[in-house]
Amino acid sequence: MKKLINNPDNVLKEQLQGMQAAHGDLINVHFDPAYITRKDPTPKGKVALVSGGGSGHEPMHGGFVGKGMLDAACPGEIFTSPTPDQMYEAAKAVDSGAGVLNIVKNYTGDVMNFEMAADMARGEGIKVQNIIVDDDVAVKDSLYTAGRRGVGTTVLIEKICGGAAEDGYDLKKLSALCKKLNQNGRSMGMALTSCITPGNATPSFEIGDDEIELGIGIHGEPGIKRSKMMEADEIVEFMMDQILNDPAYTRILKEWDFDKDDWVEAEVTDQPFKKGDQVIAFVNSMGGTPVSELYGVYRKVQEICEKQGIKIVRNLVGPYITALEMQGCSITLLKADNESVKYWDAPALTPGIRVKM
Amino acid sequence: MKKLINNPDNVLKEQLQGMQAAHGDLINVHFDPAYITRKDPTPKGKVALVSGGGSGHEPMHGGFVGKGMLDAACPGEIFTSPTPDQMYEAAKAVDSGAGVLNIVKNYTGDVMNFEMAADMARGEGIKVQNIIVDDDVAVKDSLYTAGRRGVGTTVLIEKICGGAAEDGYDLKKLSALCKKLNQNGRSMGMALTSCITPGNATPSFEIGDDEIELGIGIHGEPGIKRSKMMEADEIVEFMMDQILNDPAYTRILKEWDFDKDDWVEAEVTDQPFKKGDQVIAFVNSMGGTPVSELYGVYRKVQEICEKQGIKIVRNLVGPYITALEMQGCSITLLKADNESVKYWDAPALTPGIRVKM
Amino acid sequence: MIKKKHILDWLNKSAEVLEEKKSYLTKLDTAIGDADHGNNMNRGFKKVLEQLPTNEKKDIGAILKGVAMSLISTVGGASGPLYGTMFLQAGNSVSGKEELTAEDLKKMLQAGVDGIVMRGKAKIGDKTMIDALEPAVKAYSSAVSAGDELTTALQKAVDAAEKGVEDTIPLIARKGRASYLGERSKGHQDPGATSSYYLLKALRDSVQ
Amino acid sequence: MIKKKHILDWLNKSAEVLEEKKSYLTKLDTAIGDADHGNNMNRGFKKVLEQLPTNEKKDIGAILKGVAMSLISTVGGASGPLYGTMFLQAGNSVSGKEELTAEDLKKMLQAGVDGIVMRGKAKIGDKTMIDALEPAVKAYSSAVSAGDELTTALQKAVDAAEKGVEDTIPLIARKGRASYLGERSKGHQDPGATSSYYLLKALRDSVQ
């Protein structure tokens, strides 16, 4: 394992110190428990947007803290969901009275920890809603699995909901937007190489010199299919086929019911893409793939969309939700209406994404 | 070799097509010869800023085309200087009458091709100046080598000169600024892994599982020193020592003399850093190293600067001048006065760098 | 009778075995998860030991709730809230007690497992820690009901857990990260079931 | 006498050998450069052949200037402007000619090498293409002055180039990308000198 790190036990802390050093104009990094808040306090009356998850996916989420995106992010250990005390402290730090929306990627650990944190924060009188992001079409069913993982759509949601929150959306409206975006987004990832978590001697998975893994998660979880190396166009065709032809997807999602003052579960169904849809297209590097290769991928994504009668109205190309140094990419399409595009275009000033600021 | 590419012969073209598809709102990509221009024409009376070099370093330079940075970029084949016809066509396309400043990284091929291009453009009545960037302290002498390579400082120069050009600097003033910045900047790179140019079967250099290469160039040229793997802090200490204790550096540089109407050579000496200097610090990924590791590096860079009485007033952390999928990083320090900081902070809207736009 | 010192010994022994098995658990989690379970558990029980002195004068219920808090705030991942809830509910079930009868322990173990099920919704056969814990608690309860000695009952629990761990190998995971693998999760032992087995073994060793 | 068809043959043979030696030249450039010289030369001479039909009815000077333009606009790197300038100056030196005497060829080769030196400022011993070309041109000139046959003189040029290429091996590079390696450039054969040798060999083969 060759990485630019010191003692693996201190990696996370030192990287957060570096983030603070580099972006002290935009964010504050807190330790014990670890969470990152935007430099200027959340404006009074603005819903606070909080996310978090295992580290190793940088710039997500800490790099998306700042005006127009997140109010706070909670970095867990590498590839490990953060703990409730982090989220609880973050919620207390950024709640301006208008409540907190936790954007939670659908991993068993993230979901449970954020639930506990929400319960703790509610105990302090903070209004908290948790919205789940589950957009990874590589996971086919929700009955026999933990459900679809939260991947690329998360980044787009954090940008769009961030814009809406700045624009005055209340917690209910913002939660509804967040749910809608999640239902409109689909992603799929692939890896050319594996990655190694600091301190571990072996890669998260073994992969041959002529093999690729399709449907990979962002934690080095093996994907749905091992395949011989293919040309980029073929790979993109496979991924786009999975995304564009993904049928309606139904699962049970949990959220807080403020009237019943309890968690409630509801069946939610995402509708497939269809001709005429407008989308935001997001081509993401898993960390080790340079942006030049992403452009090659984007070219094919656009070509396929055009052929299928789907119009890309905005795009994002780069390393935004990564898996350490893994080589590979993910593709996300988010069906976008006027509301989404409006807040996608809204100003944002964070270490990782800057728009008009 | 595993890369997200199709036929290696088409890599560059397809990546450029992808760039056009993704950033058609900011840039226009031209083919045969290949060059990239900003979407809106160069404003009348604004000096046009042009750069270029081998491809494989993305986002540099094409990703820095747009308002506030470059007017055009000329991408060569991968790791191969572009050809004069590219630069000549680019100059003709973006000259608004105020002349063209070519920012040329100091590689034999880049220098010669840009010289031929400048001669060609002058033949068409375009005022052209070529300024060389040679900031890589890994190259010690200029007498027995092709001189220091142009590396990280190039990115900072493109941003700062871009701001000054938008602010109305004429060709003479802009050239002077560009030269000053080059004299104020020093860089050093290192690699954990090698990289493979598409179509080649073997890596640019071989490197053991427990080895690193210090003083690496951005074209997979071997560096100055092979070493056993070290902790990040040790690596950064070595690199910062090379940068901060680099003595005065003297070499002959060539530029166009508009009075004499000929190329002239002059001896130029860069002064070493000293206590009290203010700098812009730039920690760059070689392509395969994720930003999280860069933050670990930045932390140490800041610590060392503090200890040496050098104040970091601005910073840039991320993959901006890369070497394909190479893992590793480079560090650049640019001594910054008010003029530099002012234009560093100036608005810019390019695929790779966005400030206040 | 289980004295407080047995409980403290249990926690110490648990920390010890989890440190020892750290790489092994992470290796298991590499095959069907994300290569962190050993690190997570080790980090958690290090914290448990660190914070133990603050609570060791209190009753057993309070001590276990302290353990829960330590785990919840350091483990993270899926296992953090699950084991956290387990110790929380276990602690609640023996609130105020300075020592435990075999019957108390039965209630306590049951409460712990119920906590995990409540939080994680796993059923037996889903290839999770439940596959070790549920048979273990059942075996312990039957043994106690049948009049077995405490140590015999605990040994039966450990045996059942061990078998439960082995039984996870051919299973397809239905919960947690391993579930993404579907068929490909077959043939691998569940890391969480394995750590549960270590916790039970440490309990048996402390009480003997 | 060198006829136009010899020149055209030379360009075709050059393209052929550079295609054949593409990987080899790139391998040489991997050791002390950036692994592109073979690709650069191959790309360049492919273009030369592609554009040849536009010029092949013209005089030899014009043909060579056409070659220069093809190379300049496709090779890139250091070798693009260098070989481009070589063919440009060579072409200028035989402007208007439909055939070349041994004396004409001498002027032409000298003009070409002078062009490279003017552009790249390399001296003999710097471990560049000059190490092959300069001795070759010298050997050719002496042979012609001494009254050798054209083919004999060309063979001497090729021999001198071959030796020049070998002589680059122990040298420390002073110019171009290899110069960054300093001492570490020792022990490797210069790619540019090698491609120069191939060009001369192709010339000899075409004239024979």
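Per-chain numbering from 1; labels A, B, C and D assigned in written order.
The criterion applied here is as follows: contacts are C-beta pairs under 8 Å (C-beta built on N, C-alpha and C of every residue); 3 or more make two chains touch, one makes a residue touch a chain.
Predicted model, so just to flag it, every value in this text is computed and none were measured.
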item: Contacts common to chain B and chain C (chain labels); value: A
item: Gap in Å, rounded to a whole number, between the CA centres of chain D and chain A; value: 56
item: Where chain A and chain C are represented by their mean Cα positions, the distance between them in whole Å; value: 31
item: Overall pattern in which the protein chains touch one another (line/ring/star/complete/other); value: line
item: Of chain A, residues touching chain C in the complex; value: 33, 54, 76-85, 107-109, 112-113, 115-116, 138-139, 144-146, 149, 197, 199-200, 202, 204-205, 217, 219-222, 224
item: Chain B partner contacts - residues on chain A that touch it in the complex; value: 2-7, 11, 14-19, 21-22, 55-56, 58-59, 63, 192-193, 209-210, 212, 229, 231-233, 235, 283, 287-300, 302, 315, 317, 319, 322, 324-325, 327-329, 354-357
item: Residue numbers on chain D that touch chain B, as the complex places them; value: 26-27, 30, 33-36, 39-40, 43, 72-82, 84, 119-120, 172, 174-177, 179-182, 184
